[in-house]
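By letter and in written order, the chains are A, B, C, D, E and F; residue numbering begins at 1 in each of them.
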Amino acid sequence: MERIALFPGSFDPITRGHESIIRRALPLFDKIIVAIGVNADKKSFFPSEQRKAWINELFADEPAVEVIEYEGLTVDVCRKHNANYILRGLRTSADFEFERMVGQINKKLDQDIETVYLLTMPEYTTLNSSVVREVYKHGGDISQFVPVTVKHRRVAPKE
Amino acid sequence: MERIALFPGSFDPITRGHESIIRRALPLFDKIIVAIGVNADKKSFFPSEQRKAWINELFADEPAVEVIEYEGLTVDVCRKHNANYILRGLRTSADFEFERMVGQINKKLDQDIETVYLLTMPEYTTLNSSVVREVYKHGGDISQFVPVTVKHRRVAPKE
Amino acid sequence: MERIALFPGSFDPITRGHESIIRRALPLFDKIIVAIGVNADKKSFFPSEQRKAWINELFADEPAVEVIEYEGLTVDVCRKHNANYILRGLRTSADFEFERMVGQINKKLDQDIETVYLLTMPEYTTLNSSVVREVYKHGGDISQFVPVTVKHRRVAPKE
Amino acid sequence: MERIALFPGSFDPITRGHESIIRRALPLFDKIIVAIGVNADKKSFFPSEQRKAWINELFADEPAVEVIEYEGLTVDVCRKHNANYILRGLRTSADFEFERMVGQINKKLDQDIETVYLLTMPEYTTLNSSVVREVYKHGGDISQFVPVTVKHRRVAPKE
Amino acid sequence: MERIALFPGSFDPITRGHESIIRRALPLFDKIIVAIGVNADKKSFFPSEQRKAWINELFADEPAVEVIEYEGLTVDVCRKHNANYILRGLRTSADFEFERMVGQINKKLDQDIETVYLLTMPEYTTLNSSVVREVYKHGGDISQFVPVTVKHRRVAPKE
Amino acid sequence: MERIALFPGSFDPITRGHESIIRRALPLFDKIIVAIGVNADKKSFFPSEQRKAWINELFADEPAVEVIEYEGLTVDVCRKHNANYILRGLRTSADFEFERMVGQINKKLDQDIETVYLLTMPEYTTLNSSVVREVYKHGGDISQFVPVTVKHRRVAPKE
């Protein structure tokens, strides 16, 4: 059976931490579907088309990576795309507590889907999209936090 | 490339938590090597032959599981057995902090070996071998904590 | 002196975890007052009458359980209802840090009121009302997470 | 049914943190049995008779407190003394993780025994017997850490 | 070189915990700049002039304490005021995880600025401004949580 | 008043993490005393003369660093050497819980001594002396974990 993993997140924007997890997980799976969560109730900072374009460009040469947008329960999206694994990165023990809750609920909703965790590399442990947005909003330089495809010229944020 | 995972531990004795991690990880890997740590400096409670026999019997029908004893650095054993993955279970955030330290050191010692984590199922979160030994030593019933192949008749512990 | 405990929460909706804590605590107290927090500033998902009805129905045969709605400081509600104990469940260490803060502030506001904690059972460790709401909103099946009295037919949420 | 709690520990020596937990829990229980763990394998610092004498003297005027020594599984001692509750103090989230493991194992060994937790008061959060012993060994003043009945004149420690 | 520290926060309102950190850090630095964060997007509870006045009055006799308002990245404010240190208090391990993320991002944004941490005193571990506001809103007595200069008469909050 | 900090530890051996903390703290203090704990009860891996020589050589050009050996309570050594600060590095939240306990006990033993914490740099977060010893014992390469002055040729360990 093919090993297909879903990597869900808001990727608002994708960080070097996300990129590193995907690249390290590639040998483990036959396909990785990067699933950009779109939430009708919660405005994102960057438009979803922009977030998707950055990831597509980043993995343009990597046929095993596919990028989708999704709404709804993660396990439903997994089933729709035949993904039998969910991939997640773990950074801190605060992360861990949250991920454990989500992972065990997903297991209860569909016990055939396993969540597989990789540790983020130490240099990316403090990185998350919300910090990147904060630096960006105040005009700081985010180039060391995001992949090269995330253009540093200012795009107009949604709000 | 084959996906071979090493699952290192002292398994003194193997618990239902260990068993569950191995069974859930089997579809993800082509082979899982259960590696029983043997430490010249630190006495185990059950003899290593006993610990190995319990695991071998438990996975007798599962050709993708192999059981070995080892001493030394985990990454060295991985290289010797062509394992490109280390498999670990995560139970609590205390676990997480410890596993992160070990995982990142292993990554520094050999960056081609990835450690892959699964969450233990909620019912096994509180289980570890040291608790099982404690209950066993005081004559408590350990049958709900260990796989069926771990015989409940008292074997003479080493010390 | 009678031992009366207040069990405060938003119960939006009550989960099997809440139910389990109340049932296990019943032998310890002469009365348990389930106190549904009503917050003028923060919209709830289910109307408070609905939340109250579910709990009342669940404990219809249990005279030691009383259900009230409240607003304001927990210690003030305790004093008003002669409760000398606050009952709380602990699930994770993230919970613990939060509960410790709240518990110690309450102790400073009224040192005659003790907060008593029970651990949630392992199978309910990952359950909380916000996760239940999330599953519910996306049309998932919440019956394994909530007591039988929480009807699964869709009630119209407030917002 | 009487509410009898067992408060197990090594009390090597009893600290002001222990004393505070017992005094605060007294209104909740009809009897509290302070159970001094005696472990054949692990030498204590102060002799068990000394540890017991300190606690007995401290609660001489409190008929609801009883002091015993015990060996073996905590749940076995509970059953022997008709205790249906185990009482524990929680200081830090590291404590919490450990106590959760122990509490859930005890629940599995005897589901009729509930463990009830109180938070230690902030001023005792950093106190534990091992720190007290360390200060004592190096000739520091331990009087602010232990109840008045723990005499400050040097008793000859066991080892 | 002068040792100048920036102590950033929202101080909405300043608590006894904040006051204690500043007083204990004074001998370590030649100047401490208390920097009140003003966030255009996020309404504060007390007006910034009020927050500033309380702190100014509190340290009226302390020439080494200066109070400013700021917006934007903390490292930018440090550079503008020649502060080579950021001062922070640590209360709980939840705090720690958050502070580590912020501290390491700041280090990446400007590696010449060091963040220096003090532990809050045990009696202030559970105190934070949001708890103080909650008690205040419900008419509770906040005098034990805030410095004497924070007047207890009700000022009209912003919202 | 001079700002003198004591940096206590076993340094068995000193790691790059220790070195980094000392170098980063140098501008904050007029003198840093690296204090090697010598414990009569607990055998070290490397002899204390060796541990001291490595540190002395590492900071040979740095007159503000002094190296001593000590036994007993840290606050007593501080007083003896006129150190009014204790310097510590924080790596993980597990560290934090332990350091908080030690820090608050030290504060109770002598409230004129402040403990000042720096975060370890992300790349050293997983490093500690016990891991280095483990790698060393099994013949692994420790050069990326220790300062250059820690010779990699095998010295005969004590035991």
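General observations
Please note the rule applied: a contact is a pair of C-beta atoms (placed from the backbone, for glycine too) under 8 Å apart; a residue touches a chain by one contact, two chains touch by 3 or more.
Model, not experiment: these values are computed from the prediction.
Contact count check for C-D and B-D (C-beta pairs in contact): higher for C-D.
Residue-number overlap of contact pairs with D-F passes half for only one option from A-B, C-E or B-C: C-E.
Spacing of chain A relative to chain F, judged by their CA centroids, is 39 angstrom. Chain D has its Cα centroid 47 Å from the Cα centroid of chain A. Separating the centre of chain E from that of chain F, both taken as means of CA atoms, is a distance of 30 Å. Shown for chain B are the residues that touch two or more other chains, namely 92-94, 97, 100, 104, 122, 125-126. Across the complex, chain C meets chain B through its residues 92-93, 122-123, 125-126.
By the touch criterion stated above, chain E contacts chain F in their complex at residues 1, 3, 24-25, 27-28, 84-85, 90, 93, 96-97, 99-100, 103-104, 107, 114-119, 121-122.
Contact residues of chain C toward chain A in the complex are 92-94, 125-128, 131, 135, 138-141, 144-145. Taken together, the chain C residues at the contact with chain E in this complex read 72-73, 76, 93-94, 97-98, 100-102, 104-105, 108-109.
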